[in-house]
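Structure below; questions to follow.
Which chain is which? They are A, B, C, D, E and F, in the order written, and residues in each are numbered from 1.
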Amino acid sequence: MSNRLSEFQQYRTRMNDRIAQMDHLGIKRFFNLDTVAYKDGALSAKEKELLGLVASMVLRCNDCIDYHILQCMDAGWSDAELNEAFNVALIVGGSIVIPHLRHAVETVDLVHQMKAEGAG
Amino acid sequence: MSNRLSEFQQYRTRMNDRIAQMDHLGIKRFFNLDTVAYKDGALSAKEKELLGLVASMVLRCNDCIDYHILQCMDAGWSDAELNEAFNVALIVGGSIVIPHLRHAVETVDLVHQMKAEGAG
Amino acid sequence: MSNRLSEFQQYRTRMNDRIAQMDHLGIKRFFNLDTVAYKDGALSAKEKELLGLVASMVLRCNDCIDYHILQCMDAGWSDAELNEAFNVALIVGGSIVIPHLRHAVETVDLVHQMKAEGAG
Amino acid sequence: MSNRLSEFQQYRTRMNDRIAQMDHLGIKRFFNLDTVAYKDGALSAKEKELLGLVASMVLRCNDCIDYHILQCMDAGWSDAELNEAFNVALIVGGSIVIPHLRHAVETVDLVHQMKAEGAG
Amino acid sequence: MSNRLSEFQQYRTRMNDRIAQMDHLGIKRFFNLDTVAYKDGALSAKEKELLGLVASMVLRCNDCIDYHILQCMDAGWSDAELNEAFNVALIVGGSIVIPHLRHAVETVDLVHQMKAEGAG
Amino acid sequence: MSNRLSEFQQYRTRMNDRIAQMDHLGIKRFFNLDTVAYKDGALSAKEKELLGLVASMVLRCNDCIDYHILQCMDAGWSDAELNEAFNVALIVGGSIVIPHLRHAVETVDLVHQMKAEGAG
């Protein structure tokens, strides 16, 4: 089923392909470095994704929030644990984060719905 | 020995006391909520402090970085783990974070130095 | 009549209910503290809403702008007064605020239109 | 043909007219100052538009990005040169800029498409 | 007596003079527009200064906070009213505002001290 | 002669060395990518430094401003051209940029003074 989250995933894939096609060495290396930053190391990939999520929330970027929620849920963070991360982001970033908290909570619900429908 | 970190800690304590003395109910409750947000829950206090640190770095607040580094090191995060968190913050926030990375790395060194001197 | 403002109000109510249902004590207390911050005190509720509006504009959050415009107009601020607040936000925040000024001015017009239609 | 870029241009024109109609002296003078800032001077208009574009990207404002891309392409910056500016913005601003890079790259493609259709 | 606030005022005056001396028409007109934005109009100068203060706090600019606190206290806002404005800024901007709240509260105290010494 | 700019340069060098010594692959690669982003390419190194300067001003990072002013002046931008870039940053970023404009103008003066003293 199509929803804003699956549409974002398709748009993200399509435009990332388009950007790769531009073949700018610096941009390609940045994308690579961004991917590597979330791999297992002294911190686990799972821990790093949660850091990425909170950073995205306090910087108020919905697309980044959606991406990291998908990664966090794949990595095994529970809803209760995500809510705790949301709370830290809310306290650090203040009420200006609330619209992004609404977005994040809706995204978590969409992921559960997509998984229940076998499309996650 | 006095350094910028010990001076910050004294200033922070003095001004937080001054703010408490103002006795504004909303501000007092916010400070309390801020403290509670980093207590053990679905996520551990240790995990939450690292989230607070990364949030502080991408929002580029040196005082907040210093506070959370002190908390993170008390909670048991190693230098190697902190470096990984710094790297996530750097990738998310970009080169504008570099001056705060310099500050953070210096703070970690100061904490080690203060602990070696028995003042930590 | 349905428009982006009425849709926002419905979405906001629905997701705030969903967040309340998550029953996270910290998040619930933050929402409560946020509500209380705009009640009459040493400053009037009316004055505080205008502060919230300007803060929302310089931080460039359209949902927050819409919420505070609705509150400000309910509290009795005139269009001329709102324009003055918009001007302060524009000067403080610069041309990057202009897209949010366009949004804010459209929202004021939508509120008047909804009130004229008896739906405000 | 209608697309998000032509719709933005129409919305922008309509709302800027509405704002002018409000006749607030400070706001009108700010808009005028904003226009003048990008005129030929010690730096050329062409150079200034590229500065405006990079500023818009690191501040993460899609509408501002679209406006400056249109101006930059009119001023004669090539796609290769724009990509270099995108790369500087990406390095300075970090991965949080990526959603806006996707938007910017799509906008460049839309401008080319509109020009090919004789509607640019 | 010299303190960080009087030093800031001297530095601000000296550098604003230096900037005026550069004689850049756009910059001079911006400074003029900035001054005019806080004059009596549909909103009073007093009300506008409080808006400027809250905007400065959520944008986390200590120099701007100091300037607007001086203006607000000259305009007649009481400490209790300033505290209420601080609280709105804290709720909107979150714990990342706390270092600036400490700065702001210290500035209010310095202004009172300077006035008591006849130097305000 | 020692001043805040020469002290910044020494601190920057010392801490960048310390960071390199940490030997974190991701951080090292980011620093390398950051350096490469300002090399001659489709845009000249000179043009890119000016983009970096304006990005630093609207993001309000004094250390970044100082670094890019040094690079820009080395690359041959004149004071009149820098003032134009400052003006674009001021218009885009608003009065919240003014403290950083004061800092930037002082830095330009310090660079001239250091060059006159043969220390630049």
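Here is the rule we use: a residue touches a chain if its C-beta (ideal position, glycine included) is under 8 Å from a C-beta of that chain, and two chains touch if they have at least 3 such contacts.
None of the values given here were measured: they were computed from a predicted structure.
Engineer: What's the overlap between the neighbours of chain D and those of chain E?
Structural biologist: The common neighbours are A, B, C, F.
Engineer: Mind listing the chains that sit against chain B and also against chain C?
Structural biologist: The shared contacts of chain B and chain C, listed by label, come to A, D, E, F.
Engineer: Taking all residue numbers used at the chain B/chain D interface, answer same if over half belong to both copies and different if under half do.
Structural biologist: Both copies, chain B as well as chain D, present the same residues to each other, with over half of the numbers appearing on both sides.
Engineer: Distance-wise, how many Å sit between the C-alpha centres of chain A and chain E, to the nearest whole number?
Structural biologist: That gives a centre separation of 38 Å.
Engineer: So what's the Cα centroid distance for chain D and chain F, whole Å?
Structural biologist: So the centre of chain D lies 24 Å away from the centre of chain F.
Engineer: Could you tell me which residues belong to chain C and also touch two or more other chains?
Structural biologist: Within chain C, residues 26, 30, 33-34, 37, 55-56, 58-59, 64, 83-84, 87, 90-93, 95-96 contact more than one other chain.
Engineer: Among line, ring, star, complete and other, which one matches the pattern of chain touches?
Structural biologist: Its topology is that of a complete graph.
Engineer: In the complex of these two chains, what residues of chain B are touching chain F?
Structural biologist: 60, 83-84, 86-87, 90-91, 95-96, 98-99, 101-102, 105-106, 109
Engineer: Please give the residue numbers of chain A that touch chain B in the complex, ascending.
Structural biologist: Against chain B, chain A makes touches at 33-34, 37-38, 41-43, 47-48, 50-52, 54-56, 58-59, 64, 78, 80-81, 83-85, 87-89, 91-93.
Engineer: If we count contacts the way the header does, which residues on chain A are in touch with chain D in the complex?
Structural biologist: 11-12, 15-16, 18-19, 22, 24, 26-27, 30-31, 34, 55-56, 59, 61, 63-64
Engineer: Within their complex, state which residues of chain D touch chain E.
Structural biologist: My answer: residues 26, 29-30, 33, 36-37.
Engineer: In the complex formed with chain E, which residues of chain A make contact?
Structural biologist: Residues of chain A touching chain E: 58, 90-97.
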